[in-house]
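In what comes next, subunit A is part of two complexes: it sits with subunit B in the first one and with subunit C in the second one.
Up next, the complex of A and B:
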């Protein structure tokens, strides 16, 4: 029976998430990456100028790609360091000695990180779109949708990194995280290649590819630049797909973390 | 001491930035030439693009501009290892990765269609482009120009050609654009000047070339060259003769007989008072009389300028063999390099380890379109 004097699970998760979010947002890395993004976005117009076109589409593509690439790098870097830094600083032992379940700690940590990443993505999108508008490129609602789906990609990658950290060391987890990112995009084109395989090879290839999140679902930016519409049903399906993967990966992390001898 | 360190840091930073910036002072554009040997298939390229197919395709396209100049000079795009067409591989990859960016198709129209004369390959790329972008006016126009210029569809199967134009009009999304298709169709009926059949094609390429780029200069030069060659033919047909001052003259009667409907806007003559005078050639030089026929100096200079790039390559080859750069044209000839005589009024010179052509000053602004 739960002690009524103790705070509820939701409160505990909120406390951990809030502290993680504040830590992430206050860190110099967060501001530094935003500055690097802003500088790269500023330089992207140069590529537009040398493109033998008016450069607007080229610059828009670059801005959207930069948001995704920097977002994923941040997600992998912070996702892998999230729990490890608590262990290194020995703050984890202070936390888990309190009446807080390990699953609450992991979920709180992930939600805090997700909120920080979402804030970063929103800031990057705002900077990118403001720059595009200022330099004469067309800014339309499809770019906002593309930004939203990029955020889901980043959140899935954060969950992937968290999961790999639970299973291995932080450095290896970062490498495995980036490998998962590559595989996640590669499997998008795999159905076009699968006809080269037959019998058990096909089954094995399709089975292995299905174990990886299909990150191509979130690369709508490639169509959004040309204002190709995305239906509500399609959007909902992609958001649901991302949410399911995040839930699965965080659950897996919780299972592994509960079995760890700390 | 407390002030010394920051001051030293600022000084060091300023020096380094200045040092870096000096590379840009007085820097001249250099044509890069490179091969396109290692291009993956469209599927492999998409597989490895990690969700950034558009961006990677555009960066690859920009990088391949350096290769365009190589092909413009050689008129050959075969990959040395396999003999495959590098342009065909390049455009297959770009269109496969980023099918909605129609600048690739426009670029293919110039490189595969005009320069390398492979209309079948271009037709495949344009058809694929229209499947991906059925409402793109530029692609429809390129296709219609290709069918008209290369396949002579209007002459061979007028009904089919009109069906193509009707199909184009049906895919336009606004009444204004549909009207443009009909205007365009009507303009085909007016093109009746023998020797200028390719001009609509090149004008179309000029629309898509950005001012100041090598592609724009090439297309503009080609247009002027075609009009200058046509001008020479027309002046001959008009019975042009050199006057005592060397200036060509034609009679108003001959012009009226030749063009009863009026002087075309691109003709080498124009009305002046009650008579007609010979205009400057499209490059801005006065037509002259050479070997018993009208002669466009501008056209000859352009051909020689194209030759200058080959001569520069031979100059570089010679420098490798002789371990020293020839600094004069005579020295280059002495080294065994065949340097053709320059066109009348022009001269060869070596500047900054490149062969350049010095031409007289133009007497009128070159034609623009």
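Up next, the complex of A and C:
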């Protein structure tokens, strides 16, 4: 047979992403977590009833937080399994032996997972907002913006988990992924914690903080519940910040994966 | 004939715990001629899969030269063009559970460079060859081991590669499907593809291959033509009546006497009066028996079929 015309990088990445997306959204975990989210959203009304403050505000806050928590858990679980399970199950043998570069495989896998996570987040947001509307809570555009920023947080966490799994075992990667999530939110309060530091202590503290993504950038949900506005420039800056972290983490994963023995 | 696969002084070391190094291949030299069916024999852990993984780009960082179709694998993007001409069936293949047969085949065919139109025709071809047509809408999670193996071969040949690398292709197959796999491999070879496969079922290697190599503890012990190997088997003289010295009883009043090339006249002269020659034939020795004897004589001077004691 003559040399076939090889598909370009964009085609290969799209093909891998498409297959990963199909595989992800058909998994039972995906459907199961949507059901768990729907059940939790239903139960959130009870908290609203027993709350001393405005029940609708509490329910809205809970629905938006649930979307973030379940989204992050799914991102950590699937991000850690994304490439590592392919190595363990040897499913990548028939893929990597084809004319595809390893970086194209990793990027395609991440984009496919990102698409699956985006669909999941959209479904959760739709369920949550439909429930809020049905129960008389106010549904406004700030909630949609909060949902969008939560999606970025989830995508950053998927990239964090993917990167950790390239450097360690899946279990350790999941633990480190969740630890990164806690640190990423703690970094938001760092200026208040380190304002008394000076000199090298301040440099070290700031340096360490820069090693984890500041996930507080994406936690707009609490403000959104009270309809506190978010400017376009601010939104663009947060989206850009998330995209930069994703690019950095996926690049790190590629560097490690290129050298990995399969 | 040009070599499709070339290993020249190839060594490969795995990293073990801490500073431990595990030497999987030690200065391996191997040549697989174009158009041949090459059986790669070795016990578990001998280095077969490591060699195959170096070929397929799953491992890198070796010493020596590994070449496909005459071009050295450099571990760079340039290798992609070479890998496009290769089809690979891994040992115990696993596939994504939540993809259908038709989706999965289309996915892998697209990665191999087939166009959308070409994929439909290629899928129909492998459906027919491996009876997968009725299963095309099934998810792979519902497949048995044998069905996975069929799917594995289908994905390996879907882009009609010039080189088929098959790691234990007959594993998990019933006799009917083993026969079908042999037919499919013969068809692929008839199309011009080179077959390179490892197998523990040596009768399949004997039936299919014209060349072989034996690897043990990371070193190639020997390689050559199967016909030459089997041609080393000694001639056996079968007769009846009084048995000459050194003959073994073959039952039914017959005896059998080894009849080596250089001693034929002496053996004939030593036949006792009344002895009757019935036939002279080459001893039937299974490749499997030879292989076991060869490996047992690890790193010794090669075992010839004539050295084997059984008849």
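We adopt the following convention: the second predicted complex is superposed on the first by the 256 of 262 C-alpha atoms of A that agree within 3 Å, B and C clash if a C-alpha of one lies under 4 Å from a C-alpha of the other, contacts with A are read in each partner's own complex, and residues count from 1 in each chain.
The working rule: a residue touches a chain if its C-beta (ideal position, glycine included) is under 8 Å from a C-beta of that chain, and two chains touch if they have at least 3 such contacts.
Everything quoted here is computed from the prediction, not taken from an experiment.
Contacts of A:23 after superposition: subunit C is touched, whereas subunit B is not reached. Once the two complexes are overlaid on the shared chain, A:12 sits against subunit C while remaining clear of subunit B.
Of the two partner chains, subunit C is the only one touched by A:99; subunit B is not. In the superposition on chain A, A:206 makes contact with neither subunit B nor subunit C. Once chain A of one complex is fitted onto chain A of the other, the partner contacts of A:89 are limited to subunit C, with no touch recorded for subunit B.
Taken together, the two complexes place no residue of subunit A in contact with both subunit B and subunit C.
Across the complex, subunit A is touched by residues 43, 46-55, 58-59, 61-62, 65, 98, 100-101, 103, 209-210, 213, 215 of subunit B. Subunit C meets subunit A in the complex at residues 14, 53, 56-61, 77, 80-81, 83-86, 88, 90, 92-99, 103-104, 107-108, 110-114, 152, 155-156, 159-162, 192. Residues 47, 50-53, 57-58, 61-62, 64-65, 68-69, 153, 181-182, 185-186, 188-190, 192-193, 215-216, 218-219, 221-223, 225-226, 228 of subunit A touch subunit B in their complex.
Every residue of subunit A that touches subunit C in the complex is listed here, in rising order: 1, 3-7, 11-12, 15-16, 18-19, 22-23, 26-27, 89-91, 93-101, 261-262.
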